[in-house]
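These notes concern the structure reproduced below.
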Amino acid sequence: MPLLEIEGLVVHYGKAIALEGVTLTVEPGELVGVLGPNGAGKTTLLKAVSRVVPASGRLSFKNRDLGPMPAHKVVGEGICHCPEGRRLFPELTVLKNLMLGAYLRDDKDGIAADLERVYGLFPVLRERRTQQASTLSGGEQQMVAIGRALMGRPSLLLLDEPSVGIAHRLKNEIFRAIRDIRDSGTAILLVEQDARSAMAVADRIYVLEHGRVTHEGTPASLADDDSIRQAYLGV
Amino acid sequence: MPKISKIDLAAASIVFAVLAAIPLFGVTTYTIGVLTVCVCFAIWAASWDFMSGLTGRENFGHSLFIGIGGYTAGFLNVEFGFDPWWSLPAAALTAGVSAILIGFPTLRLRGPYFALAMLSASTVMQYLVIIFSQVTGGQDGLNGIFPILDSQRDYYWLTLFFLLVTLMVLKALALSPWGTILRAIRGDEATCQAAGINVTFYKIAALVISAVFAGLGGALYAHYQLQVGPDLFAVILSINIIIMVYVGGMGSIYGAVGGALLLNILTESLRAFSEYRLWIYTLLLMLILFFLPNGLIAPAWTRIRDRLARPREKKRQAIA
Amino acid sequence: MKRRTILGAGLAAALLAGAAPSAFAQADKPILIGVNTALQLQVGRDAVNAVKMAIDEINEKGGVLGRKLEMVTADEGEAATEGPKVGIAAVNKLTGDNKVDVLIGGYDSGVTLAELPHISRAKTIFLGIGSASPAIQAKVKENYDQYKYIFRVNPINSAKQAQGLLDFISGKLAGELGYKKISIIGENAKWVQDMVPMLKKGAIDAGLEVPMAEFFDPQTADFSPIFSKVKENGSQYLLVILSHAASDVFVKQWYDAKVPVPIGGIDVKSQDANFFERVGGKSISEVTTNFVLRAPLTPKTVPWWDKFVKLYGTPPVYTASGAYDAVYIYKEAVERAKTTKTDDVIKALEKTDYVGVRGRVVFDELHEVKDGPGYVNELFVQWQEGGKRVVVWPKELAAGNKMINPPWLQ
Amino acid sequence: MSLLEVDNVSKRFGGLAALKNVSFTVEAGEITGILGPNGAGKTTLFNLLSGFLPADTGRIAFDGQSIRGLKPHRIVNRGLARTFQLTRPFFGMTVVENVIVGCLAPRVRDVHVSTERRAREILDQVGLGHAADALVDVLPYGDLRRLEIARALATRPKLLLLDEPFAGLGTSEIEPLATLIRRLHDEEGLTILIIEHKLREFMQLVSRVIAMDFGEIIMTGTPAETVRHPRVIEAYIGKAEADVAAA
Amino acid sequence: MIEILVYGAVISAIYAMLAVGFTLIFGVARILNLAHGAFYALGAYTVYALTANLHVPLLVAAAIAVVGVGLFGVAVERVLVRPLRRSQLAVLMITLSVGLMVEQVLLLTFGSEARNVPSMVEGAYEILGADISAQRLLALAASIVILAGLWLFMQHTRLGSAILAISQDAEAARYMGIPSDRIYSIVMGISAGIAAAAGVLVAPFQTVIPSMGLLPLVKAFSIVIVGGLGSIPGSILGALLLGYTETLIAFEVSIEWSQIVSVAAVLLTLVLRPAGLLGKRAAF
């Protein structure tokens, strides 16, 4: 039974069409990559899943309908969203940013354990924990953002463009961490523009173009395909 | 481009005819006085709506222009003994000039910042008027302004005439390319610039036009009250005007007039409740604000007009 | 059709009524007294109550010229927020719609001044009971024909109050107490702004040093800078003039900071009988001018005071005595004129010589209530232990009463 | 003389260099495309050209005259118009009124010609004639993009800057709009500078591509050259790091 | 000089209490709350009614007032503001009318005369040569305690972090599962409670009349504009600035001119630096 099932998802921003009927699934513990050019609707897809933007179509998670839930309930269900552009709380410390990820949780021990887990994934955050988030480098901020989402102990992590604007060295570290998170059993829906990095870590890939899924398959099956090149450069 | 429809014109004519005819039916000077005040507020509300309703910049200091207009009339009349007729053009002029001066620094601001800047400007003026009492009469204001016309009834007609002029000018401007541009500024300033429109110029000009009529209204009011006081600069006056426009329905200009007439008459008719007067007024206001967020007069008229127009449409369709 | 007939009949009746001799038509109609005042404020409510009290008394004794008296009220609104607009509409309503025979009222000088041209246009007598600006009665001199309708029963105008104040400064402060240095402060109201320079000059002429003469905004919430400055400049007395400002803030802050300078002057709120109680006794030793208090100023004073308290549960504020007297003054004038015709009543009013609850009321040529010994007096009253009010000036009325200092200066 | 000359233009936002020494020219009659990933500085460049942002350094000349530092409306009145990436119509107004605003620019305002008639002609031209009297609030998104172009055309530009004209459009709406743009170029001789991400249509539209990344121009060339350029591919598809790929 | 220092501190502390709540609800929920002054007035009147009429001990009355007005604030947010929140002007108007309503109700219930709230502490102290009443010192101390308490609450509780989070990035807060509507109500309650506390503390040495809320509203508004809308440190800085400027002018020039300072400061700030001293953005 898939963890997340999306069927015929349609999203409008006012009059602009962002998604024109997207269907995809994520199995438990799976890392699914969504690729596509700018404006293809990747970010919208994630926002629709976390109920931050209204959408029509079927959205079910662990066999429960997400449709009628407000955004904060979805988090409680176990979907945590690490948004595009990181969206840290700039004037709060790293530790507070992380702890806000666990806002809905009451299990002190569990939270402490998850904090250790995040520090384990990104050791630099332990050193930076009392620093204001806005003083961190882009890569470190991305780590906080991922860590913050993990603090909600998700069974599905939504990751939006974790590699944008980050130095290559840190990018590697982040992708390594993403793989570790998957390996520890958390399913991930990863949206990326950096196709090669995403394909290197994902179990399955969807290619989104103009709000529609145009291709899907394993990275291996898509790697030789011209379709990726098609989607990106139109040639 | 929206045109003024025949139904609108007919309704406006009827309303003005009724307003003009009221004094002929043996009403007392009290009623005429109340109506005169109503008409002054209507001029202020319409001029507020022209600038703020069209460009979307809520001016919380409209009383600045009213006060300047009123005091111009007061000074010319009481201090320098000018013929009261001079008050009207002079008040319009000083208010317009003051709009240019205050408009440049404040119109860059948006939303509540513009509102507050104007509010502060009017309050500063109010304090100054009180402090420099030797010149301005302080808290008591300037008393002994001459009436422009001896008969209260004639004076009421005069103010009504100026309301008509105000409305015709403002409505004509609102329906002209000017209005189109002002409404476009409300929509999006950047797009306006991208369409080659000098946004700063139009904003200042709108404020000046708004101020000219507010100042004129201030002078008319001064010559009705036969007195001006620092309360003409008060924030509460600006807020009352905004409430009137809000109740009337923003951006339509005639709605503002309707709101001004309605609320002024309401205030007066609540006299029967003596000390509960303001309490009831506030309660009614809260109900309107809460349940009719688009206002009362303009939306109601739109609905009535549609209903009136519908049979004719049907007929036309039938003929076709 | 039917409606037109009724209308026609009504019109005819109205014409007939208008054409009939007025005395005949009015014979059994009540005489209407319009009260224009700020109904939400204590000054307004007490004025209304006092008028009602007087009317009831007169009607019980058969009315005036066989006609009953009746009261109509109209709210002047809150001057601070609504300006004179509501006040003007109020007098227009009373004169235009209710066609009252006389207006009694007024509280805020600004509003009253604004109402004057409208009152005079309506040719209705106005007996002022609350506003103190001399500019009001000055109109009578400026243009008698236009403003002859305007009389002031109460209070004594502020210029005359200033004279009294000067007398207090030179006689009591400089004379009896031998002070050398006083400070003067007043709120930003026109009449105070006119008065303070005059007081300063008068005090200096009386040989006093005046290191400070300042104004403050009626909304001032913190007087500590003033107290501090007064203490620093070594003043021995702080003269204060306020009517719309927060008197309670003033005395509370003075008392709490134990300012080593006694205070006194014109403090309109402090004229209220329950002021001492309202501020928790912190007005102790404050001196303020007053025109009436529960003391045998005239034989009528104490009974009137007690009856008012019995009827309405609160001691009357300063407008009440004026309003009560005004009704009787009007009644007497009508009786002397034997008509309610405005011009005749004005003639009669000008000859008024009536002993009211505050003293003997006589109008001068400005239609201003005469003050001084034998007339209505400006009393300097001090709050003493237990909220007792003691007259400390003028000398002849103080009857040897001692002026006390605040507890921390004793 | 080129219609547009951009010479050594730079722009910083705080510590971030959004544009670094950008130089290029646009010849009259061209359709030039600007390509680059998010954050490459394309829209910033448009904002500098149209006067919505001041340039820090460099020279921007249009029609031989410097336009750097001019207010946006003055630039429009020199004949350089733009559209916005997010459509920004004047809500609460009709479609034709939206275009009339453009017709009221001093550059084209003519007391002898009814602005309304001109506006309707332009709407016909972009295929919106049928919706002229509708409120923009009810217009479908595709039509809003056309309206955006119509409003710019109303100012009778010599050079039109199109900022992602296909953004937010459904698949079926893109082709007709591309046709419209091409027609404007062919029939009106309009010079066009275009930013777009829908590359398939983009590549067919433009005759020359300026590729940008991190605020710099990385190459200029024909569409065919562009897609083969290694730096473009790297900027767009990303460089897989050896260790990640190996895992 | 010393006096300016001491009196300025008292005034600034009270201003800060008023401004912090005002800026808080704006920073978090973008509500420009014109009923803020009404909360202040209600606090003072509640204490008056409880002590004078029902003879409740002063401290108990103070606590009831703060909590009660806080709950009233929550109710205003829930019932009146929330349905209108999409329009800034509508929110402005409805909170304004709440303010007017409260004033009218107080006027009709308690009359126009000033009411006396007894001092919590009697007497006066001499501090560095300046006489200052104990109640003022109490107000100073209490406002420091309240502001420090608010700071601790914001820094060290989960709810506090959530409030800060929403004010810094409302959308990101939604990703954390923070229920924004509930937070808005809570913040309105806190804001109203602090305003009421200011009213309670100030009532004994200032005036208690129905319209007493107007001036504090104007001051809070001015301070917040000068300090930067939505910035708590900004509002404290603004309070100090305005409090001391007013005191300085009252001492060195005339108290007559001290009232005009705040409005003039607003005008200047808006013209010269619209975002305020510590504000981040000028438009929203």
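Order as written gives the chain letters A, B, C, D and E; numbering starts at 1 within each chain.
What we mean here is this: a residue touches a chain if its C-beta (ideal position, glycine included) is under 8 Å from a C-beta of that chain, and two chains touch if they have at least 3 such contacts.
Predicted model only: the values in this text are computed from it and were never measured.
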**Item:** Shortest contact path, chain A to chain B, counted in steps
**Value:** 2
**Message:** Suppose chain centres are the mean of their C-alpha atoms. Which chain sits farthest from chain B?
**Reply:** A
**Message:** As a test of understanding: of all chains, whose mean C-alpha position lies farthest from that of chain E?
**Reply:** D
**Item:** Computed distance of Cα centres, chain D from chain C, in Å
**Value:** 75
**Complete:** dist(centroid_CA(chain C), centroid_CA(chain E)) in Å evaluates to 37
**Message:** Centroid of chain A to centroid of chain D, CA atoms only: how many Å?
**Reply:** 32
**Message:** Report the inter-centroid distance (CA atoms only) between chain D and chain E in whole Å.
**Reply:** 49
**Asked** Got the chain B residues that touch at least 2 other chains?
**Response** 127, 131, 275, 278
**Overlap residues in chain C, where contacts from two or more other chains coincide** = 40, 80-81, 188, 215, 217
**Complete:** The positions of chain A in contact with two or more other chains are none
**Those chain pairs that satisfy the touch definition** = A-D, A-E, B-C, B-D, B-E, C-E
**Message:** Which residues of chain D touch chain B once you look at their complex with the stated criterion?
**Reply:** 50-52, 71-73, 76-77, 81-84, 88-94, 96-98, 100-102, 104-108, 115-116, 151-152, 154-155
**Message:** Please output the residues of chain E touching chain C within their complex, sorted ascending.
**Reply:** 3, 7, 11, 107, 111-116, 118-119, 124, 130-136, 204-209, 211, 215, 247, 250-251, 254-256, 258-259
**Request:** Could you please specify the touching residues of chain A with respect to chain D in the complex?
**Result:** 13-18, 20, 37-39, 163-165, 168, 171-172, 175-176, 179, 192-197, 199-201, 210-212, 228-230, 232-235
**Request:** Flag every residue of chain B that touches chain D in the complex, lowest number first.
**Result:** 1-2, 177, 180-181, 183-184, 186-188, 190-199, 251
**Residue ranges of chain B in contact with chain E within the complex** = 58, 105-106, 108-113, 116-117, 120-121, 123-124, 127-128, 131, 239, 242-243, 246, 275-276, 278-279, 282-283, 285-286, 289-290, 293
